[in-house]
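Have a look at the structure that comes next, please.
For reference, chains read A, B and C in written order, and residue numbers begin at 1 within each chain.
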């Protein structure tokens, strides 16, 4: 299955999927640049008058609730209507949904318009969606990842969507199959936007291989965390340098690198 | 004429023009930093209550429709009223106007309040404004630049404004005179915001030399693309490093460098 | 007193204060990253539905008026109500308040809901709040810092808040005690966001030591300007490189570095 992932990674570069992003203004520049580094074509469009028509052109819609505005809320809903009518995958990052209950309402509102292909969050976000007790500080999870496989599988079945829970070990499941990605670096927590960027990259992979969304999600997490490992090796524990190298290493990451350096466990 | 351009470049540093920007939230930080690197003084102000009074203080108004918000739309209109009353040049970047028809409406609305000094877009954007068939993917042009000189000259006459079309070769015309700028690097397509940044830099040049807007536009494109060439030489095909070096090379770019390294063709 | 400052700096890393930021979209990514480099936990939340509940969880609220939106204006007011009810410190950066009079109205409106712990601005902003004549260009001060000690002390008494005025010499006073911080580098003026970032860092310090807000403000200014000096030493007068190194040097800045390299004058 790892081999299929490496092929999906190559497809991103070949197909250059257009990823329509409605995302937070804190890390939007990083999301656009990481999508370019991945080989995808990013477009950030949330004005309701624009989002409706635009979403029909996209290979995937990435929605991140990090700094929701009233305009984005309206834009998300019209974009979801369009994606549903055109069978375009929707990827949701419900940032801080455990701490900001309003975002759960927005998520429920979205699902009235479109099914979700993937919900990606950190441990605290996914646990809170699953109704588990959790510990978060603002947008950051303070939670251990213990027992996450089962929590994610149950949530995936209940919500009929792929669930990806990120942390030292990433858990990715469609409710039937489950994979663990063990690549990564603690430096991801020293910069803002790692979660947003990986959300964008998985959206690009799903956009390139919409018939294999579970494998595409794993591909996105693998490619991004592996680029992170390589960036960390160059960065000598400096978060600014790490941030910069991340784009460069994702840009140069090849199929063969994934094959050689991936640490995935297939459950 | 190249000599005049180098003098305009020096004027930016000397006069430190205040550039009022109403621009997208994806690349706004890059636009502010590149304006500082150019020697200008950026101010990003779009609240309608603020934009009206503020625009009167500026040397130029730079409007970029990349992520239009309802607030920006209102801010643009009051700012345009102010610039018209005070004879302040207005520079427009109609990002993705061929793909997002709403932006053409906004552009028409702007022109009811103020004349435009310059419209700067990529090949696909300019062609779509000219009513030509075009190929774009999201915010990116997939179009060849063939025949652009004539298309730009016609559009410039029809719209009574300078037209700058960017691509491997940049075309800059006021409908009468036409110049081609051949500096640049393919790495510009690997980062987000190159178009927004060069829009800001041309606005700074026009703000510093409002009596010579055509030459000032050429100056901005020359300075930015030349800084890009130098950054690419340092970046070894890494987009993150390229992005960083861009600010440094524009900051240190001197009059003499322009004179020596510019590749302009005067038609 | 310098020793107390170094202890506050250590506390930021130990307590990891949650800083709720309502700040401008130009430099918001830098503010989030510099807070992470300082050891704090940033959260950018301005939707009125979200800000009210969220502010109650924070150690400090940082409000920056750099690109005020109508949504932010509403979010600021509900957040201020919450902080007042929960005794949470509020730090205000009234960006360009001398040039954009609307922001003074917003500031007055804020103070109907919550007392301010600190107002931090550049020389021109603080002078304009004090009713002095001043010279600014857009968001930048062109003013000399002459006589600022007295101006700041009077303003602090009148407004019952700490005042920090930044410039080549920073002045920090609670109306009774006054300190001058002489660390820094001219490169701060060559990037956007230095003022916003230092505002965030002082908010983190106040969040970590709310019982000593004056010393905490000095700590924030010291740490940030010292990191700037070190970044400048590495950057060889290149603003892009300086920007990058800033995060790395703040991240590695230790208690002992502050003790050794601080240039503070206690008046």
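We take it that contacts are C-beta pairs under 8 Å (C-beta built on N, C-alpha and C of every residue); 3 or more make two chains touch, one makes a residue touch a chain.
Computed from a prediction, not measured in an experiment: that's the story for all the values here.
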Topology of the chain contact graph, where touching chains are joined (line, ring, star, complete, other): complete
Homomeric contact subunit A-subunit C: same or different residue positions, threshold half: different
Superposition of subunit B upon subunit C: rotation angle, C-alpha, nearest 5 degrees: 120
Distance from subunit C to subunit A - Cα centre to Cα centre, in angstrom: 33
Junction residues of subunit A, two or more chains touched: 25, 29, 69, 244
Subunit A contact footprint on subunit C (complex, rising order): 16, 18, 20, 25, 28-29, 32-33, 36-37, 41-47, 49-50, 53-54, 57-58, 69, 71, 244-248, 251-252
Subunit B - residues contacting subunit A, complex: 24-27, 29-30, 66-70, 96, 99-103, 137-140, 189-193, 238-241, 243-244
